[in-house]
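These notes open a run of structures that come right after.
In the two complexes that follow, chain A is the common piece, with chain B as its partner first and chain C second.
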Partner chain A sequence: MNKKLYKLRSLPVYILATVWAVINLYPILFTVISSFKNNDELFSSATSALSLPTSLRFENYVEAFTKGNLARCLVNSIFISGSSTFLVLLLASMISFVIARLSYKINNILLIYFTLGVMIPIHTTLVPLLKMVNTLHGQNNYLMIIVLYTTFNMPMAVLLIVGHMKSISKSMDESAILDGCGPLRLYGNIIIPLTLPAISTAGIITFLYVYNDLLFGVMFISNKSMYTITLGMLTFVGAKVTEYGPIFASIIITVLPMVIIYLLFQEKVESGLAAGAVKE
Partner chain B sequence: MLRRKISMALAVAISVSMLGMAGCGSGGNTAVDTSASSAAAGTSSTSAPQSSNEKVAIRILTRLSSNQPNAVAFRDRVKEFEDKNPNITIEDQSIEDEASFNTKFKTAVASGDVPELFQTYGGAAFGEYAKSGVAADLSADLEADKTWSEPFLPVFENFQFKDVEGTYAVPYEFFAVALFYNKDLFKQIGAEPPKTIEEFEAVSEKFKAAGIVPMALGEKDVWRGGHLIANLIDKKLGAQKNMDLADRKARYDDPDMVEIFKIINDWAKKGYFGDKPATYDNNAEKAMFHSGKSAMHMNGSWYVPEATASPIADKVGVVPFPYFSDKPDNQNVWMGGAGGAFCISGKAEGAKRDAALSLLKYTTSVDAFKYYQKVQKGGIFPIKMESDPSVVDRLTVEYSNLLNSAEFKAEVYSYDPLPTMSDKVRNEIQGMFSGQDPEKTAKNIQSEIDKNTK
Partner chain C sequence: MIKRRWNFHLVAVLFVLPAILLYTVLLINPVIQSVRMSFFSWNGIAQSPLVFAGLDNYKELLQSGEFWRALANVGKFLAVGFLLQMPVSFILSLIITSKIKAVRFFKTIFFVPVILPITAISIMWTFILWPTGGSLNSIMQLLGMQALIQDWLGDPNIVSITIPLINLWIAVGLNMIIFSAGMVSIPEELYEAAEIDGATGVKKVWNITLPLMKESIKIYSVLCVTGCLKVFDIVYVMTSGGPNGASDVPATLLYYSAFKYQKYGFASSIGTVILILGLAVSILINKFVNNDELNN
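So, the complex of A and B:
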């Protein structure tokens, strides 16, 4: 009886969840269907957004790879995002270790310094950034763009990791040191494994941000062989005509790796998001 | 002790990352800053200054980076220029998407480091750049090289300003509005395409009698009426009237302007634009023309490719918008002008400026436009040139031949210092199509100016 009642009560939740799922699936479905259409079909008043294409235009996918040079863009994007993420995690975890585990007087100021970084809108920094990059002849330079992305993603990562590190009991460090553990081992073998949920969250956030970013690409990359995915898709945007089919096809191709990564790390992300929220 | 070790480790880590940042300097392109005395600015339109073999690196920022034929053709030409001038390296920073281009360009302006060659659409905002020296005055260069400058159509108005002398850009895009017509339908009524307004009215009566709409006008899109009045003002009152209205030397409710509103109202009442023009849009209007329901179609040079791809492609002809037989002087005034244009950074000097100027000439020479036309299989450009019928479509050839002696003016309200005038004029004309009388229309438009000058 109780079970039945319970099931009945959760029915509205299921209905709502289903509706929500449909709303969320709509853009994905729209993108998949549109990736097989041409502009005439997309804009035709005779068909709706979700009506099936008259024929499967795989040429959109072919064009994405040929005209849009998507394979190269994908490699570039993954290289830039991967390197930036690695650097962010390495540096942020080290800084966080200092801020969260050692008692320097400067720690609070350091933390505020990084918190400020989160609050500065990226657009306000563009002019001085462009000056700096041009002075260093840093246009079209992988290292420069990786350093830039690393810098801009540090604050968020530091905040996340510091929050989580602070929640680990201090007695852990003390007993480790008593057992003869050096600072590097303390950092690498004890604190880092315990902070892994926050680190993987910071990693995924950074990777996604860099992977999706267009602004720095537009500002600092003009060499076609260095184009990232977002820049590659822009080659289908003309001043008068925009070829939407290949753009949608590119979206499908480039979203796939992200979906796979997310599905693999889903649990870690979700536990990481709440990391440091409650002190235990 | 522990603290010291940790701070040492961190100090090392930070130093390493700083070194990494410094390393970027050598990884980038090695722009050699040359400030050699400038060679006589390219006397030929195709070669770069040969004064020295010094390496020069210049940057260009245009909206020609997509896979569209016009962008591909431009990039081909830039590549060719690089091949011919091995001492010049060109870094193409172009981005076609409007928002991205604006971000990039405005940031570059703000940082004081604008690419040597960049794109503009001219107008008041560009005037500020001309005044502040972001863009360089090119009038001396245009004057010095007649083989380059003479073929251009007179469409430099967007790049010249009252309060600062000079010409600040060279156009590479162009538009003009003409009258397209259906040859078969004209044969059917036994008439020639109209040269004058009087002939236009005569053939319109014949078409009406034959049950064909003379010239459908999709006035649901307010710019259609805007283009119509712009053409009528040009042809009846002349190019100067545009400026007089903007300078407040003339008023929209002057008798000569009211007369123009009356002509439009009269034509609408007689049904020259079809039944209830304010209820259908430009697409519907084109559909009527393509299906033979409408005999004439007023549209811009941008419509040529669409006409060529339409079901009546081989029946479409084109003539200039008719002129008033009592005003033959205004026969060659067209609604039209430059679109995109290139300018040179005001900060570019010496060899860099020479290289940028040579590239500018190379990409806006008659040969360049011929190449663009060939790759695009058509297109109308801001230059007097013979289009080759073997590579471009018939209509493009016919259209370009009309332009040789034309003078161009943009839509009347685009000169107005009051930015709301464009909407005001267009909306009031639409109101007239819905029954508002012409005097009232003229008064309403003028009231917008009076209200703002009080």
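So, the complex of A and C:
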């Protein structure tokens, strides 16, 4: 094909792509810019939302971290997401190993049972869940919230990991067992290393879901020192403050870890979230 | 086949038990409890008993204008989902599977909203949509489009469309990836053959890409319907269902009925309806897919 013609043809594609890129980036850019402004620069005129700050006011970030207690919230969120992710991967890989590699008649039923969990809307469980947690005095308890996040994210991880484990050749296990390999070594030394791609995918999306969640935080955490980052940010935004710059800074602080994870593991995050969605 | 030895049986039991126990007690059990509670009334105090109410909660649900309005709002999410979100996702996936330069760059930017916490996105947009001094209205003022300036989240007639549009902004990135997975699986030769027959860009998309993407479109449909039934965070953060319930969806109605008005039985009946609608839609569309495959 004539090269010039080809370039001309792709022009509308570039235009469309650029338009959507601008629509996509604008809210984030607007928040970054606003996070460095003072009230005057934010509100002085009808169009000040579109102006640039006169200087980079990093003190807005300092204020968000201190007054909004966001440093603590960030640590809480990373701790809760990290622990839940670890538990999800441990428990899901264990049960997946049995379902995918050991041929029991019940395995299919187990798999269908877990598929059910992916289809259940979380809100249906809220009232009984709150009743249960209150009966156990489980409000404001790290272990409780970690166990809850683990449970609700496990079905998806099981589906992802079982799918991958099943694709590994069965002859692998047979020769290993002939060599005297027991079940724990078969799981830990042979099957897990071969399933790492699926396990890391499940890990990344679990971490992302837990970090981004608001609902369980709102329901089960009222102690400010235990707030997750989404809860802390929302509270900081809703508090009666006089300066708005730190509020925008708090949004950026909240999203930054996710942006970093995405930029580090782009392909993995994209395919993982898509696989997670499709499994639903 | 693996010879079953006692140590394999033991490990199997120990490996299955923790996951099954947690899942059954904390996820399946609450679902069953929720269905059961929808036939009772309860005041929310852990020690106080449930009082049998028969179908009262469901009667109240069907007679409450709030519930029908919440369902109507889901209808608006669905309308935006199918009339706008699906074409936009489809066009974006055409862009990121095309041969233009900087595909990776665009793909990354298009996907970013998917990974951000909805809480943060909702706050960002709330400030942008602020009626006075918010950047959307400021831009319209600058462009001389004063007639289009709105109170995007405060006007009860507009808010139930504004929020589905923000939802579109969040969701298209993921749907773009789902569509593009279907797109790249279409063999290149089909397009080459069509080019020889003189088909141009738009015609190729219409005659080859679209018909071969039935599967992706069905996946999208299930995701879109179940997703719309489950919308919560964005409404909770942006408007709390307001003004005056105008942007309520079933999940926020459930949340406020239970945790603000202590109508736990009523809330459970909403939960049960969401559950049944969601499962029914998944099963119906899946059945539809299977039948279609049998016919081909």
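Just so it is clear, the second predicted complex is superposed on the first by the 208 of 280 C-alpha atoms of A that agree within 3 Å, B and C clash if a C-alpha of one lies under 4 Å from a C-alpha of the other, contacts with A are read in each partner's own complex, and residues count from 1 in each chain.
Here is the rule we use: a residue touches a chain if its C-beta (ideal position, glycine included) is under 8 Å from a C-beta of that chain, and two chains touch if they have at least 3 such contacts.
These numbers come from a predicted model, not from an experiment.
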item: First (chain B), second (chain C), both or neither touched by A:Ile23; value: second
item: Partner chain(s) touched by A:Val98 [first = chain B, second = chain C, both, neither]; value: both
item: Partner chain(s) touched by A:Thr115 [first = chain B, second = chain C, both, neither]; value: neither
item: Partner chain(s) touched by A:Val158 [first = chain B, second = chain C, both, neither]; value: second
item: Chain B versus chain C as contact partner of A:Asn69, first or second or both or neither; value: neither
item: Chain B versus chain C as contact partner of A:Leu50, first or second or both or neither; value: second
item: Between chain B and chain C, more extensive residue contact with chain A; value: C
item: Which of chain B and chain C A:Gln139 touches, first, second, both or neither; value: first
item: Touched partner set for A:Leu214, first chain B, second chain C, both or neither; value: both
item: Touching partner for A:Leu184 - first (chain B), second (chain C), both, neither; value: both
item: Chain B and chain C contact sites that coincide on chain A, given as residue numbers; value: 91, 94-95, 98, 102, 104, 126-128, 130-131, 134, 147, 177, 182-184, 214-215, 219, 234, 237
item: Partner chain B, residues of chain A touching it in the complex; value: 67, 87, 91, 94-95, 98, 102, 104, 126-128, 130-131, 134, 136-144, 147, 177, 182-184, 214-215, 218-219, 222-223, 234-241, 243
item: Sites on chain C touched by chain A in the complex; value: 1-4, 7-8, 10-12, 15-16, 18-20, 22-23, 26-31, 33-34, 37, 44, 46, 88, 91-92, 94-95, 98-100, 106-121, 123-125, 127-128, 130, 132-135, 138-139, 141-142, 169, 173-174, 177-178, 181, 201, 219, 222-223, 226, 229-230, 232-233, 236-237, 250-251, 254-255, 258-259, 264, 267-268, 271-272, 274-275, 278-279, 282
item: Complex interface listing, chain A residues touching chain C; value: 9-10, 13-14, 16-17, 20-21, 23-28, 30-31, 34, 42-43, 46-50, 91-92, 94-95, 97-98, 101-104, 110, 113-114, 116-117, 119-132, 134-135, 147-148, 150-152, 154-155, 158, 173-174, 177, 182-184, 187, 208, 211-215, 219, 229-230, 233-234, 237, 248, 251, 254-255, 258-259, 261-263, 266, 269-271, 273-274, 277-278, 280
item: Contact set on chain B toward chain A in their complex; value: 2-3, 5-6, 9-10, 13, 17, 20-21, 23-25, 27-31, 63, 65-68, 71, 91-98, 100, 103-104, 107-108, 110-113, 302, 340
